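Order of writing sets the labels: A, B, C and D. Residues in every chain begin at 1.
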Amino acid sequence: MPVRDLLAGRRRGGVPADLWATCRKCGAMHYRPEFEAGLHVCTRCDYHDRLTVGQRLDLLLDDAGSFQELAGDVLTSDPLNFSRPSGRYPDRVAKAQESTGRSEAVVCGVGHIQGHEVAVGVMEFGFIAGSMGGAAGERIARLFELAHERRIPLVMVTSSGGARQDEGVFALMQMAKTTAAAARLADAGVPYIALMADPTLAGVTASFAAVADVIIGEPGATIRFAGSRVVQGTLSRRAQADDHTAEWVLRRGMIDAVVPRRDQRRTIGRLIELLAPARASRRAEIGDTARTRLG
Amino acid sequence: MPVRDLLAGRRRGGVPADLWATCRKCGAMHYRPEFEAGLHVCTRCDYHDRLTVGQRLDLLLDDAGSFQELAGDVLTSDPLNFSRPSGRYPDRVAKAQESTGRSEAVVCGVGHIQGHEVAVGVMEFGFIAGSMGGAAGERIARLFELAHERRIPLVMVTSSGGARQDEGVFALMQMAKTTAAAARLADAGVPYIALMADPTLAGVTASFAAVADVIIGEPGATIRFAGSRVVQGTLSRRAQADDHTAEWVLRRGMIDAVVPRRDQRRTIGRLIELLAPARASRRAEIGDTARTRLG
Amino acid sequence: MLDFERDLDELRSRIAELEAESDLDSASDVLRQLELMQLELEARTADVFSRLTPWQRVQLARHRDRPHTLDFIERMIDGFVELHGDRRHGDDMAVVGGVGSLQGRRVVIVGHQKGRGTRQNVERNFGMAHPEGYRKAIRLFQLAARFGLPVITLLDTPGAGPALEDEERGQSWAIAESMAVLARLETPIVVAVIGEGGSGGALAMGVGDRILMLEHAIYSVASPEAAAAIIWRDSKFAERAAEALGLTSEVLYAADLIDRIVPEPPGGAHRDYDATAESLTAALVEALDELQAIPPTELVTERYAKFRAMSAHVESSPDEVVVDGSGVVPEDRHGL
Amino acid sequence: MLDFERDLDELRSRIAELEAESDLDSASDVLRQLELMQLELEARTADVFSRLTPWQRVQLARHRDRPHTLDFIERMIDGFVELHGDRRHGDDMAVVGGVGSLQGRRVVIVGHQKGRGTRQNVERNFGMAHPEGYRKAIRLFQLAARFGLPVITLLDTPGAGPALEDEERGQSWAIAESMAVLARLETPIVVAVIGEGGSGGALAMGVGDRILMLEHAIYSVASPEAAAAIIWRDSKFAERAAEALGLTSEVLYAADLIDRIVPEPPGGAHRDYDATAESLTAALVEALDELQAIPPTELVTERYAKFRAMSAHVESSPDEVVVDGSGVVPEDRHGL
């Protein structure tokens, strides 16, 4: 490990923090190179740790390098002139942009999974808790519309605390907007697969994520309607640590499967193969048109 | 009371049975003329006693005398050459026909409710426990098709133990046949209202009855999937007397309302008024055609 | 009785006392005094209500005497038949719905239903719908479309039920499905926020062609208390959250997120149910009559465009979204 | 081991013993003896199975070693992805389903799933689906139609769950809705009764364009035990009920209630899973390929006609159904 990394690492009890990864779920310590080689999965409790958009694209796409971003210049505005103790909203956005290297809490675009051209959206929890405001909602809606126009399957990886409070009802309405866009895609017979990663909460669970044709959960991911602070508050009486995991919602019939990270690309690829509407023949009609239009 | 009636009545403890009606639910004894004036409703427990087809049509239609029966000549056959300890199937049918004065366990036709022309089907529990065999299924399917063709609302009054065992899989298939006919009516935008009377069980509950647009239960009616003898057998562990009443299934979200007998015609009439597709205008287009075709 | 109502109420009591003491034969100066006090009450009411803070609006929207869905149905709908149940799990008392007619127009009307008093509030779960409530609503929406009836929804909920049993039965899935169904429902839909428009629990029934809002109703991404808990990590900052969230009808109308503010009688909806219902009826009838003229498929297209346009975002280089070297989002959609 | 299998099994054991004792170098008379015994086994199997009573067929259909839905999926479907849950209440283990390909044809396949052994049987509720099982199936049927995939259903259940909790969640409603959805599903549907086709619980997933039935499967209006309880008021008359109910594939084929009997290997499906799966695959593929050529809306029309024709009734004066003075049922429908 280079000295500058050691110095950069925050230290805990004398251990260079960056050299060790602590499981968010069970607290187990993992030697970081091994943890990363194991796709950020806890070997003790099987919790699948949060990934950055970059890590996720690497894992999901055949070739993350050829991913083409859509609507990357759609950025947040500050409709309510919102301010929190932790800072003005635009400053918080700027800080999130800086720390994540992403311009919003969701990155959308086109890539390939197991050889299939796919519309892909990945949420970045590191960006203001992956919250959905107007810009994120706009990007997601455009992604659904792109998949619709080009008749290519859509894959969304969700990780979000819900609607972004700082945009008030503007953020709330993104639930309706993205859900309506997803519903139109379903009517068009184009498959949409959601991969719910840790955590998928509130306004994201209860909108475009829940209406996917097939929903896959990541092991250990928290999936819930109530936001985390709401649950810590007075409203829910008996929520427990093990409630609301992917495994829990699977038992309750809400998702189709819990799939470990190492198998996700293959499983999603297979689902696309099985659900995509007669690709071979349609490609000639629609795919080519889209490609022509796209240059 | 004429002497011949007194003689005809079976006697219980010296009381002429016909002079008194015993509540099937709570055992209360009611002076029959009062009981009948009260529409066969128990004044103690509000149980709505079973009615004959004739009584039901009197209660439901504006003018039972102008009821026109449909497919009354569709009669049961004996596809399995079935025999029970209680007799050969055709003999049991003949006996039922004699005792009820009806040719099958369901009587279908056209009448008027609150001035609306309506396709009406009424099941006769006294006819082999209101069971549905091929003839009943055929009559019901034709009724749905008649309502479809003439675009008139349909009202079904159910009271049945389920599929008629004596016809084996022929009887079972009536579930699919009648449900499919009801589904087609729904697709055509013609309202279908079911009135579940005591008892509505098994193959009738789980077919055309359950897919009605609006389902009304009669107070105290038993409504259930499992047939009565199945429940008395080993399969259901904790069924209790009060389970599976109309009130119970209402609380569980399965029916729309429990409506007392005295209000049923008005409620159904109002529902037809509200749901019937633009009758005034359509009548000219479709109603007249149907009327022409019907002479 | 809210703080800011107290002062008005004292005046109101004095008028009532004076009225009780006086009679038709009272001296004309007593009658004149009464008239003056009436005028003063009106002026002071107008004054107080013109200066309400967002937090006071929240309190009004939640006023225990505020008319709820069934109060409106009773006054607006003729021949109402309540329809119960989701045909799957239960009959949620926090959502009521049925068929009836509004000034001669056949409608399906569905709304959140709050209770009054402890017993009713428990029964109605404080207006917080369970999943089966949304599924009942979905069933009624589909019934409406099947028979060509327009849909009216009345929004009045602190939010969807957040209890463990709500999670168990898929609260998120029920809400999302309700929005998805409404988004494509081929019949006119008019939404009216009548009290608390609380978050996703309200929006679940809030996707429509026209969004009306009673003057003192609120509509919010989260309850002020929840937002305070999220933002200030302390629900005591609810008043401040109410100010920050932009939840009043005026803010939302200015932001184009709602279509119309429906005026309430002086002193708020709870001062005069009949007048409020009349005001809402007029607005609903106008909206329905406009929509009735539009073909259902077109309604769905316009409804999509309406919600599609609800956003607040900027594009660093508009009209140039680069995928594969050229724009994929047609220019004509940027306006949405 | 069923009674009538015991005799065959003794012979089978003796063959196995002799085979174990002998080797490649054994005297040719030993080998000849073995061969003769093999032939005898085959002949006796054929004989026993040609004379099976309906009750014995019931026992075969319920044989604890009989292949179940997942055994078939494992052998017939490539790249199967199981999809879980009804998105409303739970994931019923008594119904399994998912997507995969059958000899290169993309399909949605759904079936009842029985367990083996106590633990599995409890988990799978003995193959008796709960309402959420049918609702999962409905979801998958609709998914199939959305993406233009044909549906295969495998029927193998004693009947739908009759417990109080099944009633609570609307067992009747789930079954009826499943039939209503299948009746109108715009995609080919092939039904195969693979074991016990028990009453409405089986028929819920049994509405399709082609109804296949494994040779020794049964399909019945009620389980023989339930029918015996209803008819003789004693479930001990099950054997007699089995005879009376007409539940074998031959009877149903003769009655035109099923379209095709799928042969099982000698000794029954449980003797050779692979051969049974191959036999079923061939029948499914043939049915699918026939149906694939028919436009979906036509499929729905023909499917309706198919079930519409399933009856056994007489008309005292055919073609004269009198309403308002003239016939309402068009003549061309009498043939259905």
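Here is the rule we go by: contacts are C-beta pairs under 8 Å (C-beta built on N, C-alpha and C of every residue); 3 or more make two chains touch, one makes a residue touch a chain.
As the structure is a computational prediction, the values presented were derived from the model and not from experiment.
Touching chain A and chain C together: D.
Listed by label, the chains that touch chain A and also chain D are C. Taking the CA centroid of chain C as reference, the farthest chain centroid is that of D.
Here B-D and B-C are compared, and the pair linked by more C-beta contacts is B-D. Chain C and chain D have Cα centroids lying 52 Å from one another.
Centroid to centroid, with C-alpha atoms defining each point, chain B and chain D lie 32 Å apart.
Chain centres here are Cα means. That of chain B falls 42 Å from that of chain C.
Shared interface positions of chain B, defined as residues touching 2 or more other chains, are 186, 210, 252-254.
In chain D, the residues that reach two or more other chains under the touch definition are 87-89, 169-170, 173, 177.
The touch graph of the protein chains shown belongs to none of the named shapes.
Every pair of chains that touch is listed here: A-C, A-D, B-C, B-D, C-D. Only residues 68-80, 82-85, 109-110, 133-135, 137-138, 141-142, 145-146, 149, 163, 165, 167-177, 179-184, 186-187, 202-203, 205-211, 224-227, 229-233, 235-239, 243-244, 249, 252-254, 291, 293-295 of chain B touch chain D when the two sit together in their complex. The touching residues of chain C, counted against chain B in their complex, run 79, 81-92, 99-101, 106, 132, 136, 143, 146-149. Partner chain C is touched in their complex by these residues of chain D: 87-89, 131, 135, 169-170, 173-174, 177. On the side of chain B, the complex with chain C involves touching residues 186, 189, 191, 210, 213-214, 250-257, 267, 270-271, 273-278.
Residues 160, 162-164, 166-173, 175-177, 179-180, 183-184, 199-200, 203-204, 206-207, 219-222, 226-227, 229-233, 235, 244-247, 252, 255, 257, 303-304, 307-308, 310-317, 320-326, 328-329, 333 of chain C are the ones that touch chain A when the two sit in their complex.
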